[in-house]
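What follows is a short report on a single structure.
Per-chain residue numbering starts at 1, and chain names A, B, C and D are given in the order in which the chains are listed.
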Amino acid sequence: MADALDVDLPPFPFSPAFEPLRRRLIAFMREHVLPAEAAWTQQQAELTERGERWARMPAVLDELKAKAKAAGLWNLFLPNSEHFKHSHGLSNLDYAPLAEIMGHCFFASEVFNCSAPDTGNMEVLARYGSAAQRERWLRPLLEGEIRSAFLMTEPAVASSDATNIALEVRRVGDEYELNGVKWWSSGIMDPRCEVLIVMGRMAGGGGGDGKHGRHCMVVVPRRAAGVRVARSLTVFGYDDAPHGHGEVHLERVRVPLDAMLLGEGRGFEIAQGRLGPGRVHHCMRAIGLSERCLALLCERAASRTAFGTRLAQKGTVQATIAECRMEIDQARLLVLSAAHAMDAHGNKAARQAIAMIKVVAPRIGCLVADRAIQIHGGAGVSQDTFLAQAYAGLRTLRLADGPDEVHLGMVGKLELKRALTRAGKL
Amino acid sequence: MADALDVDLPPFPFSPAFEPLRRRLIAFMREHVLPAEAAWTQQQAELTERGERWARMPAVLDELKAKAKAAGLWNLFLPNSEHFKHSHGLSNLDYAPLAEIMGHCFFASEVFNCSAPDTGNMEVLARYGSAAQRERWLRPLLEGEIRSAFLMTEPAVASSDATNIALEVRRVGDEYELNGVKWWSSGIMDPRCEVLIVMGRMAGGGGGDGKHGRHCMVVVPRRAAGVRVARSLTVFGYDDAPHGHGEVHLERVRVPLDAMLLGEGRGFEIAQGRLGPGRVHHCMRAIGLSERCLALLCERAASRTAFGTRLAQKGTVQATIAECRMEIDQARLLVLSAAHAMDAHGNKAARQAIAMIKVVAPRIGCLVADRAIQIHGGAGVSQDTFLAQAYAGLRTLRLADGPDEVHLGMVGKLELKRALTRAGKL
Amino acid sequence: MADALDVDLPPFPFSPAFEPLRRRLIAFMREHVLPAEAAWTQQQAELTERGERWARMPAVLDELKAKAKAAGLWNLFLPNSEHFKHSHGLSNLDYAPLAEIMGHCFFASEVFNCSAPDTGNMEVLARYGSAAQRERWLRPLLEGEIRSAFLMTEPAVASSDATNIALEVRRVGDEYELNGVKWWSSGIMDPRCEVLIVMGRMAGGGGGDGKHGRHCMVVVPRRAAGVRVARSLTVFGYDDAPHGHGEVHLERVRVPLDAMLLGEGRGFEIAQGRLGPGRVHHCMRAIGLSERCLALLCERAASRTAFGTRLAQKGTVQATIAECRMEIDQARLLVLSAAHAMDAHGNKAARQAIAMIKVVAPRIGCLVADRAIQIHGGAGVSQDTFLAQAYAGLRTLRLADGPDEVHLGMVGKLELKRALTRAGKL
Amino acid sequence: MADALDVDLPPFPFSPAFEPLRRRLIAFMREHVLPAEAAWTQQQAELTERGERWARMPAVLDELKAKAKAAGLWNLFLPNSEHFKHSHGLSNLDYAPLAEIMGHCFFASEVFNCSAPDTGNMEVLARYGSAAQRERWLRPLLEGEIRSAFLMTEPAVASSDATNIALEVRRVGDEYELNGVKWWSSGIMDPRCEVLIVMGRMAGGGGGDGKHGRHCMVVVPRRAAGVRVARSLTVFGYDDAPHGHGEVHLERVRVPLDAMLLGEGRGFEIAQGRLGPGRVHHCMRAIGLSERCLALLCERAASRTAFGTRLAQKGTVQATIAECRMEIDQARLLVLSAAHAMDAHGNKAARQAIAMIKVVAPRIGCLVADRAIQIHGGAGVSQDTFLAQAYAGLRTLRLADGPDEVHLGMVGKLELKRALTRAGKL
């Protein structure tokens, strides 16, 4: 098969279950997922034609999900914890290369019920949700029957500093009332989306201290009165239908008291917990996407001739390819290393590593996709390859979940702290 | 007015007519064009809603064109030549800052009847067209009544090496027959497009010698039998309607003998002539667009606060802004310098300069737009600013009219030639 | 001649005297200076051998100076002012290309009595010195009989923020006493160095207000009691003998009251005045040096073969050369543009431009020199070419007279101010 | 201790002996080597003063060597092979972090008898040398009693393509005669250097086929008649005494027939064998050096204040530090991964990885050192820190053992081969 799914992995201590699972995942991708891309595109075009662009998913998706479930390739991301009896027991390190494999295809994560933001939302519901919430939302999420959204970013403030988040959550009698505007609520346009986890700030300051003690996370049904998707946001011209990215207005949305997760003022506590794994997932998918871009670049370079030689024989093209390979291999090593650090020492100890991968993986993804575009000429920016859309997604990843600048600042500060501690100056 | 139209120009020898014209153009942009952007967007959305996305132009465009014509801001690009009695008599150097000004708004060039590919096509028709062709096509083009397309690039070959171009032009009795596939034929989707200039290769080898003597350029009516627009190409996710970029199939298209411009085998001769000015136009528009991105970046940085300080007060943001300013100012100087070299020494003597600007201006445009996106966060990639679309256009400009690699190779070779000639080694 | 002295200049408004002078300077460089490089190196080696590395200049220097003076190529830098009757009357713009020409050879500036820090010191003495000081120091400096040093930077503080400068100047009766340590006092090792201009801070706070009102500049004889050169500093291993860079200890150095230039607390006022022209000189010399590096790169690339092709035929090498040419041409345009802005609008209005060139020119100089080193292989880092020493000098220029970071911050701040003023937000 | 010797290593399969040895090496570095740097510098200065700059090593070196030998920290690099009974049995992966540790100090490798080119020469002698050669040269090399040089690069040809190497080896009766010029023969200036391994080309074409079958390697005593060190080469301004880099003229040098290693025409076979481990060593030392530069950068940033804040508190500085950390961590992972690939699959299978590290490690080393210089201001380029010398060495490493361009070409070609094989197109 002409794909780049089966990469050489560095000698990290994967668990015994890992390699067989990886082989099965690769086989499934080759047998079922990659060959279905054309059908997915075709069906989406037909839905668009019929005015149902946002009304339903291409049918092939459900077929693939059923096959993946039957094959036991389901919920692979689930951590090994008391909360998840169905976990495959994979460590962050184990799961990372599987996420890379899924990253080769835009819809593959969903085939295996491993897509954002559901993965993070499931973890949050499992840890902090009531039994009723778990039954109502977590169970069908785990089954892939419904989907969810995570409402964090807001258009009116610099959300790179999450303490700016201002959607108001106010206790009103036996309920909380939510008022505010969110955007980049990915997946909320999906017709199957049924539950939202909303980050807000307690009116009056919340129970906690300081800037990080005023926020909270609340579970809100998608169909609750007052929840309105105002519009779909585009990413470099792509609307990413039917998943989509919504701007959501919450006006006097009322939820019962148990919708408050963990407690008033503890929003950042929850946010921290979901960050690490989510970033590893994003980054490894970015690496998978980069591998695919590079494979495409190489094949194109070998197929075209200009000024008397194949592009592949030109020194400039070879050097370009070399830069891609060096960047991808280094980025993968860094992400795997971070995943292992999370497994071995916990997310907090690994936070410099986690911040680093969030900068590195999307950055090199953009570089690789951009170079592949360049080699493809006009085809690269058009709909004839997935490259331009890949670039758009990777570029957006430099902003999503914190812009590069925030992560670089954190990496720098932690490095300084280490250096000065070592030197006895701190 | 909060725009960056009125930049400080370096002390180049502009002609006396230049500065008054520039001032009038800026005033017109401020009074009429920039305020009409919202209407344009709104009208295009309504046309889309009514299923007329490709059927007509937003009405505001014609209003603006009429005003511009009345104001004498029309066909500003026209060179001072025997062919154009209506020329404003501007040199390449004079016109360059005007193109920059137009670059601030996506549709401004057309308002002043200065948009690609019409400008180049008009020059070609004026120089090489018969009286009948000039009357049929050039006159209405000069009046802004019709539009045109230039069919060069082909999907099946590396068009970066234009000698690869393979659309077949065959003499059949008293006609030429054209067969082949073109793409990235910008403007051909425009309902007003009536005439095409097509680059092809003579069946049997043409009249000329060597790789550059086999091609030709032919004038083809848009409505000629056998001309079929197969589909619209997207740039990242934008279809750039109603202008658009078409894939065009030419099947047994017949044209009379006088459709052949200049002569069989002389296609490259014509192509060379249109390159220089076109590149200056593209590059200056890219610089104008960059100025607008930078202005937006600065205003955004001043309006948002993260981690206790305005973005504008952060050293990283200031350094980012500084890089933009340094790049834009240098690029503008380089393009103006190239434009002057064309005026003073001719396009051939200026070809190293022309190749350089084609690399530099789109490159720094991408960098500036990308940084502006980054500062805007999610708004930057969305439809809420013009930044993502600006990036898409600037990125494509790194491919259009020859990819960077080709120009870099030419710049390098010419430099080597100069160095070795100087050293007596050549 | 195989040099790159005679570059194409942009059509800027040079004065009539300029071009003839430029031609004479190029001719002199070709006839006298460049051919003397070997002798300079040889004589310096002999002096080193004899233990006189720091004791005298290579004899060829004095010969060249005499010839330059006789040819009327002397003190070219002198601004057209009441202070300088011997001025050639050149504008900053006029002088800039002459500085570029001198930049091709390490010692050329001195041949024409145009080298730093003498140029700046002469201007300061002319403007602010007493008649006695002018007679004692300025006259022989103008004649090239003595040399001078400028003592600014200090090892104990971040001198990038010049308000940190801490050398104490204290009024003691009818004298000032100076105590402190300076370094990077370039030229102080030169046996002909006779006068120092010293930046210090008034004990007790000085006459002025705020951070910029406490410093002063004082004229100090090199042979004054208490002035001690503690050691020679190296630049990437080079000691730059016999010019050299000294660490200077001033211990209870006493000078008369009229040694105070302009007045207590007015040091920054003087410093500002010397910045603009000095930066143009430095930057243009850096560009000249870059041109020479590029010429060498090209000749080397044409002379060596690897893997079956000349280096000059490799696409990677051609692209490298193209980057150099694009960078150099843009940098030159930017510096000339800044020089013209100084002439036309004054140093203050031109301060963004001046800050930009200080970043751009040394930066691209480093890039060009580094690429030339790379193409030369081992020869590039060795004494067999001037490339490594050129790199060392250019790299140091990114620090001298303010590190890049400070200039970038200023460029960014001024840009923000302009954008916000325009937008009515400031 | 304020050093950065004890880094977090990724969970790669180091052998059991590794970690205890690493701990002992770190302890020895802290107790003995780093504290001796001042003495080394001081003693070298005294030797220079006495005119013995090239005559002997600083005495502290022998003391340290004796201590290291006594501590069993000797010849750590020796592979686990039949040839070396004294091997510590370390894999390439095991040895790599030890090389990083040694990289923190310029002379540390020699303290542990692990310095280039002796390590490679010892391997070559062990594998291909006769019993007599092993007794005469290998034994004292293993004991650290003598040193050696490797004569490969030549000034007259582009040695980046090693087939260009032209020193002539001619069979003359029962001897070989060598004629030619070599340079960058590092270590040949060392007074203890006694044996040379010389790469040459067989007169008449050698026994082998094609471009890679004409060369050979010959063992030549340093004191053989006709071996003359013509001069010392400098690296930037450093002569690296007393180790040094020589230009060596071989004129009618005669050696017996058994001086020919492995056989006529088999020079490249030998060269290939020594490449892999040598590159891992170089790269890991570069990483160690980078860690030290970064540590210094951090400490400096924390100690200086400009414009009202510590450098360490500026966002630009934090971002700079973050880039360093990301680059170093990624480079280390890549080199360790390559070392493991060599262990697991052999040098040939690992050749893409080996080529990648040769580009990546010196490159990021240069970047890190350069940034550390920038933060240090003038101190950074001077003799007051090791930064400028570190930069010079790291920069040279981008040329030594093949310039970046050659490795990038190889990485690109191997990637293309893999992609096309996968796609069934090769």
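Keep in mind that, in the parts below, contacts are C-beta pairs under 8 Å (C-beta built on N, C-alpha and C of every residue); 3 or more make two chains touch, one makes a residue touch a chain.
All values reported here derive from a predicted model rather than from experimental measurement.
Of the two chain pairs considered here, B-D and A-D, the higher C-beta contact count falls to A-D.
When every chain is reduced to the mean of its CA atoms, the largest separation from chain A belongs to C.
With centres set at the average Cα position, the gap from chain A to chain B is 38 Å.
Centre-to-centre separation of chain B and chain D, using mean CA positions: 53 Å. Each chain gets a centre from the mean of its Cα atoms; for chain A and chain D, those two points are 43 Å apart. Residue positions of chain A with contacts to 2 or more other chains are 315-316, 319, 405. Those residues of chain D whose C-beta lies close enough to touch chain A in the complex are 1-4, 8, 10-13, 294-295, 298-299, 301-302, 312, 315, 317-326, 329-331, 333-334, 337, 340-341, 344, 352-353, 356, 359-360, 405, 407-413, 415-416, 419-420, 422-425.
For chain B in complex with chain A, the residues that touch the partner chain are 153, 155, 157-161, 164, 183-184, 233-238, 304-307, 311, 316, 370, 373-374, 377-384, 388-389, 391-392, 395-396, 398-400, 403-406. For chain D in complex with chain B, the residues that touch the partner chain are 314-316, 319.
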